[in-house]
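Below: one structure in structure tokens.
To keep things simple, chains are lettered A, B, C and D as they appear, and every chain counts its residues starting from 1.
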Amino acid sequence: MINKQVASLAAALNGIKDGSTVLCGGFGAVGTPDELMDALLEQGAKDLVIVSNNAGVGAKGLAGLIGAGRVRKIICSYPRSDDPRAFDTAYKTGKIELELVPQGTISERMRCAAAGLGGFYSRVSAGTKLAAGKEVRDIDGVPHVLERPLKGDVALIRAHRADRWGNLTYRKSARNFNPVMAMAADLSIVQVAEMVELGEIDPEAVHTPGIFVDRIIVI
Amino acid sequence: MKPLSRRQIAWRAAQDITDGAYVNLGIGLPTLVADFIPRDREIVFHSENGILGLGPAPGPNELDPDLINAGKAPVTLLPGGSFFHHNDAFLMIRGGHLDIALLGAFEVSEDGDIANWTTEDPDFPPGVGGAMDLAVGAKEIRVLVEHTTRDGKPRIRKQCGYPLTATRCVKRIYTNLAVIDVTPNGMVARELVEGLTFEELQNVTEAKLTLADDWQPLKAA
Amino acid sequence: MINKQVASLAAALNGIKDGSTVLCGGFGAVGTPDELMDALLEQGAKDLVIVSNNAGVGAKGLAGLIGAGRVRKIICSYPRSDDPRAFDTAYKTGKIELELVPQGTISERMRCAAAGLGGFYSRVSAGTKLAAGKEVRDIDGVPHVLERPLKGDVALIRAHRADRWGNLTYRKSARNFNPVMAMAADLSIVQVAEMVELGEIDPEAVHTPGIFVDRIIVI
Amino acid sequence: MKPLSRRQIAWRAAQDITDGAYVNLGIGLPTLVADFIPRDREIVFHSENGILGLGPAPGPNELDPDLINAGKAPVTLLPGGSFFHHNDAFLMIRGGHLDIALLGAFEVSEDGDIANWTTEDPDFPPGVGGAMDLAVGAKEIRVLVEHTTRDGKPRIRKQCGYPLTATRCVKRIYTNLAVIDVTPNGMVARELVEGLTFEELQNVTEAKLTLADDWQPLKAA
């Protein structure tokens, strides 16, 4: 029988290794897997590479991980936020590496990994500083940048509802990066508000099919 | 001569959005445009974080913490709106499915290059967000910008001094002084605020301008 | 006001030109826009390039277009069917060109066009006859084929419900290629069983957002 | 010596599918496998046309014309199943999200190459469907095949004679005579039908086989 629900945050995060690439869902403070990120601090993995649209707010969640020196590198589109003190401090003291990637390109690079493709050509960032060091190719007379897949060892996801097969639904704009990240990691760990019976989620309205989900914890 | 206020710039840009258009409003000044759409037009606003059909700001009883726009402000959803994931949101942007993106900018060049993501201020880490995706992807890019910096330096330049967001993409610029089109033959001033001469406009514009034969006074409600 | 519903099949297909690339939804006989395809026969456009997973069944729909000699080329993964007589006849007499593409690659090439990308690298077909003439590149030691975007001038789509903004839902496996084709054409024309009021389709369960839809006809 | 029937080959392959696996069944012989999954295992079957959680064939009152599998036969959906579009269906395939794909084949080579899409019969136009995507994408490829052609020619060969579907992807082969693994050290016979000697098996197999030390009789219910 398939049952992806686990009993504790510790069980949810079990086995995450030092040096892992961790995809963290959310946009701003919406749809972020806060409890999973706090639990990752507890869990102890270090030298992490974090992929996240933003770089943490205040002192909890991702900011907590950065503040504790556990993040070697962050790949994001917009490290600023209302209260970016943890990232700012780490950045100014050279304790964190920043790879700045356009928002759509981060998302597409993760989908590229999820889809088993080797790379794609995009006009985005061609002719700008963010294309520095990247291969550029003219396609139909227009310069395109070669972008490579971005795969996670782990994804930390926040959804609204789940069933035991791992089917997920999200609420409104809390969906954001969560579905693409759930697809793009070897191990996808999801925090949800609610478990429902198998079959209760309309099969026409599953946002993330269970095939992309490994562990679920109810918060 | 009285320059337009920021709300007046937004009003002027709003008048050019045709009924039925799919539009993304950049953070800051462009966001104000939503308040000035003529009532007889139905516009579908898009947000990078997976929304089509953004409605007005929520009343105190409508606030939903899971419903924000790309600027992270609370919003509402109109009937007919939809939610989707980030990847589809940027497929829409990059794939040319948006009719118009209205963007803010630090600078725009004569060729329509735009610089709007970093001033390379060493006190702040750089952030790009969806700026490059929007500038490259939308069918038409229009910029809303103060004509000059606080120090009076021109923002409409021969070449951008700040790092580029994208090249040759801007089609129209709305400023507090003028409406300017970027054309294959260079920049053309279409509207000037009343009391401003073309010469005065050129003096605060680094890029070379020509005055449209059928230029009009720039009016704002 | 936005209202994408049109009154007649003729209005739905108005303006389709000779030589157009037409994406036709469906898989086998499920989710195929049969009435739109029959109406395209009426409409008269010729020298068409058709993109469709299959190559028509019997004598109606796509098979009718092929039988009438209106299809110059078909791009598909599986031209056989239970009753492939129209395609077989045209193929054996050299009256139709066949570009055979793996099913996932057709779909991904259309998405590539929809997403505004210049191309992608895929392992699929590397080392096989279907990669003949295509650029191959080793990525991480594995040969990948460069695939180019596949864009339609027109897409003919079959959905279940629509609203006046063009939001669509599909039924069960009739969804198949329809959503990706709706995204990948300059002009997307949709036949639906039913129009519903704006707001009746759950915003969490829209299968094709209206931004991808141009015209809707109720059949 | 009694070769397995097609249903027995399917039964044998079914025994190796572990609880909770995500599995795609190719058209033809592999489709039969669904009938023989041990009852205590919950398997999620995937279909290229956008389905996870395929159930058994529908009863006469359950038939839904909009619900078919990749072989275009009517099916049902289990509770927990979901529908999605073709692009996501092939993202699952190509991206390595399926644990197992069970495929039919014309031929398999010593290196694990598979030929299963065309015999280049001039009487039929070629069709590839999802064969190449599946062979490249699933985590593990297992083939179900009659050991020889109707004319007695081996289907397990040094090199495939028919056009390849994909290279070096097959891990295990179930035939009416044996279960054979493709390993870095060549093909290893793990199970032989009772009464068949290894020498007899090698005689109908073009590829070089070795016999596993712990080989077993090939049993089928």
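Methods note: a residue touches a chain if its C-beta (ideal position, glycine included) is under 8 Å from a C-beta of that chain, and two chains touch if they have at least 3 such contacts.
From a predicted model like this one, the values you see are computed outputs, not experimental measurements.
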Contacts common to chain A and chain D (chain labels): C
Length of the line joining the C-alpha centres of chain B and chain D, rounded to whole Å: 55
Whole-Å gap separating chain C and chain D, where each centre is the average of the chain's CA atoms: 30
For chain B paired with chain C, centre-to-centre distance based on mean C-alpha positions, whole Å: 35
For chain A, residues contacting two or more additional chains: 108, 111, 115-117, 122-123, 170-172, 204, 207
Of all residues in chain B, the ones touching two or more other chains: 77, 83-84, 90, 94, 136-137
Chains touching one another, given as label pairs in label order: A-B, A-C, A-D, B-C, C-D
Complex contacts: residues of chain C adjacent to chain D: 27-31, 55, 77-80, 82, 84, 87-88, 91, 98, 100-105, 107-108, 110-111, 122-130, 170-180, 207
Touch list for chain D against partner chain C, complex: 47-51, 64-69, 72, 77, 83-87, 89-90, 93-94, 124-133, 136-137, 163-167
Residues of chain D touching chain A in the complex: 19-20, 22, 42, 44, 46, 52-53, 77, 79-84, 88, 90-98, 136-137
Complex interface listing, chain C residues touching chain A: 108, 112, 115-123, 137, 139-140, 142, 144, 169-172, 202-205, 207
Complex contacts: residues of chain C adjacent to chain B: 1-2, 111, 113-117, 163-165, 167, 183, 198-199, 201, 203-204, 206, 209-212
